[in-house]
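Each chain gets a letter, A, B and C, in the order it is written, and its residues are counted from 1.
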């Protein structure tokens, strides 16, 4: 029996299958320091223990997207080692905050399978859940990926495509217990603009651009213990479709979130990711820009101190976003767009 | 009202203005590990908790320049986002040591303003102070930067240029309380040369060179949450004056300090930065060399175990320093010089 | 007296000489995070405090090779600053596990000296030992390096070549006290293959490749405070034998170990390094692949829960290892081979 794992192919998955993913991961202040070095994240909650304590956290929790990447990375060896494309995300709920010292493990359930008409590939829908060592959920999300078949002739089950909530916000909107925004210091947070100041339809150009280097995206992706081959092997990539290593899509999400600080500095936590698309691949040398649109505003039940903003953040490469590039009249993405992310953040309200 | 900050222009500053900078920063062992990875710093006090304890510190404090960069980084969004050049530093006093877990915040006072004759730019003089969560000062320094005007015709106040001490040493020279150098182990520190062995006028070639990579200076500068646009955006830089991203000047200071270990291994703390000039920009691919001159020696009041050395450290690019390149007869820097730093270190004395 | 150290030349060493190396190093969670980012290591013992506790460790110890590199790095300024080549390793015993917060110091004894016939160089055999602040040995190993003479005419002592054990396993095979593998979770560890499943002579292709970037190997080597000039200075290297910076051989060892997870996921600790050769230098841009052969299997005395596997791991550059490239009929390495490492790991046994 071969000692190495070739990863799963489309016909290896079964509906309802449950997978406990390998490599539990204790996260530390070292991971957070690397995250800061990789993206320059400046959201005060994740940067300062003191700031965190003043609004009811015991200390600064890790950046939400660092948690996302660690949970996601675990699923790769079992789910997407033979994937062609990560087609989308939906229904990502962030749970309890994660602190240095916590240990995250991830498990998944296969919730949908649909062979493509060419019979060479199929789409796998999977719900993955990351939990702490105390069993508290830190992230629960759905993604769907196109996975190769080992053998095009292999029989596959009848197609099942799960219904996915398009708006997680409608489901439940509870602010974290114990968090009281009265101690929130807008001067330290870096912006006077609070939940009350944003309007549905408002668009914000995040102005700055950041250029990706090979060493950076490789270090990031390895930090998350994401093993997808396409990110690390130039010897293989040089003969592939793009001739180069592809940047992990999550790296671009984190860059866009860090850039969004300029305009959304008080979006102190990501609450849910409602949906996301990697519209085009990114490569080292690309400069990432971003802009956001406020899709909606929701108060939270029983809370006057904090509200939810639903956002679309669009990232482009090598193209500033002052004119908000997105889709053309036929719904096709502008060729510069690399990311289209629909998510919900928490933001303090005026008292 | 625009949600993004364009940064301040020259005419936005007023004399005496006080600014609390955003993004308090808790520093950790992760930041120190990255600092070591970025520069290879080997000063024993910052490398070993045990070494630190033997001379009276509770544990290894962070590298002084890491503290400098964190304090400096905070000021960028408010002070130098629209800067053309960081003209100089002066009067930097390092205060209490900073340990993992401390949270640093920075505030600034505008102490001078002088429009340039072209009316397009002006020089802003600013005193910035970093403090811990307990209010203890970790760094207090002055810098002056050339900042663009938004509108050349905007009226500006009468020029005020502050008097700056050229020799911080004269001001106060107190060794840190509780620090007793009798436990200092020169074998572990890496050099037998103590304060007594250095002479004013002595010059030391630090021999080695280190090549800068894009990923390294970007990661360093983001670690410090320094947001200056010129360091990160190749898409913008390609059409700029240099065609490339400029390396944060502080990155070169840290490289020079790390290189200076070979010759100054017992310079266990930076006490003050008396003045500094970035003589030329550095770019990825440049190899940094350095040499130092002992400008002066001062005993400390009531201390026989430790003395102060005033140093000039000069860094060059792509040019070894065996012949101590500096200025020509007209006071113009050798074209290879990138940094001219005048600072004071503490060093153990023979008992 | 010059303040800078030129390093030792061959004629500076004496048989039996003992050297205490500079720069004690407290290791932290930050170092482990960087190690993960640099190599993507996924061995569960080093990744998860919870996993470690379940098999008797107080928390996750640092990766064994991170400890190796830190101990090795200390020896460079005294032993190999003027080395031409690191000829080999032998008899490396890993001692107590190292945890964040431990402080490592290294000392060495010169155990052999042999001038080469050209009289320009000689081979230095050195045994180096790393200990914690409590005096516990974390690593004890022998290496031999070819070192330049300062003066070819300098007299040298009679040659002494130490006898080196070729099989450390025979010496002593004690599993760590307190470690009980009954709690070992193969699902979390990522592979069902245990000690019982491997056979002497079995060969495993580790499948994946990882491309080296300049920023990565520089950051790694500086993290270990390894000061060898050849790794950092492109300005000097451009006129040298290879025209470029040479990657620290230990960086390739760590890449090979990380790649070996796919096939050897349950090799939870490195026990000894029996011998090692850097068959060719590596450079940025090289893609490292690896394969392993099981050289032997040994039970441990009084232990039914854990056994030792002796392995050869061979790393190549720009050449996949499906056909196990190694040596030709005359014992010469395949030109793609960069590393030949003979080491012993611990692996759980079926109950």
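Following the convention adopted for this analysis, a contact is a pair of C-beta atoms (placed from the backbone, for glycine too) under 8 Å apart; a residue touches a chain by one contact, two chains touch by 3 or more.
Remember, it's a predicted structure, so these values are computed and weren't measured experimentally.
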Next item on the list: For this assembly, give the contact graph shape among line, ring, star, complete and other.
Entry: complete
Checklist line | Copy pair chain A, chain C: interface residue numbering same or different (half cut) | finding: different
Notebook entry, point to check: How many degrees of rotation bring the Cα atoms of chain A onto the matching Cα atoms of chain B, given to the nearest 5?
Noted result: 120
Margin query: From the mean C-alpha coordinate of chain A to that of chain C, what's the distance rounded to whole Å?
Written below: 36
Check: So which bits of chain C are touching at least two other chains?
Finding: 28-31, 33-34, 213-216, 219
Check: For chain B, which residues are in contact with chain C within the complex?
Finding: 28-34, 36-40, 42, 44, 47-51, 60, 187-191, 193, 197-198, 202, 204-211, 213-216, 219, 262-265, 285, 287, 289, 318
Next item on the list: In the complex, go through chain A and note every residue touching chain C.
Entry: 1, 3-6, 20, 22-26, 28-31, 33-34, 77, 100-101, 103, 105, 133, 213-216, 218-223, 225, 227, 229, 232-236, 245
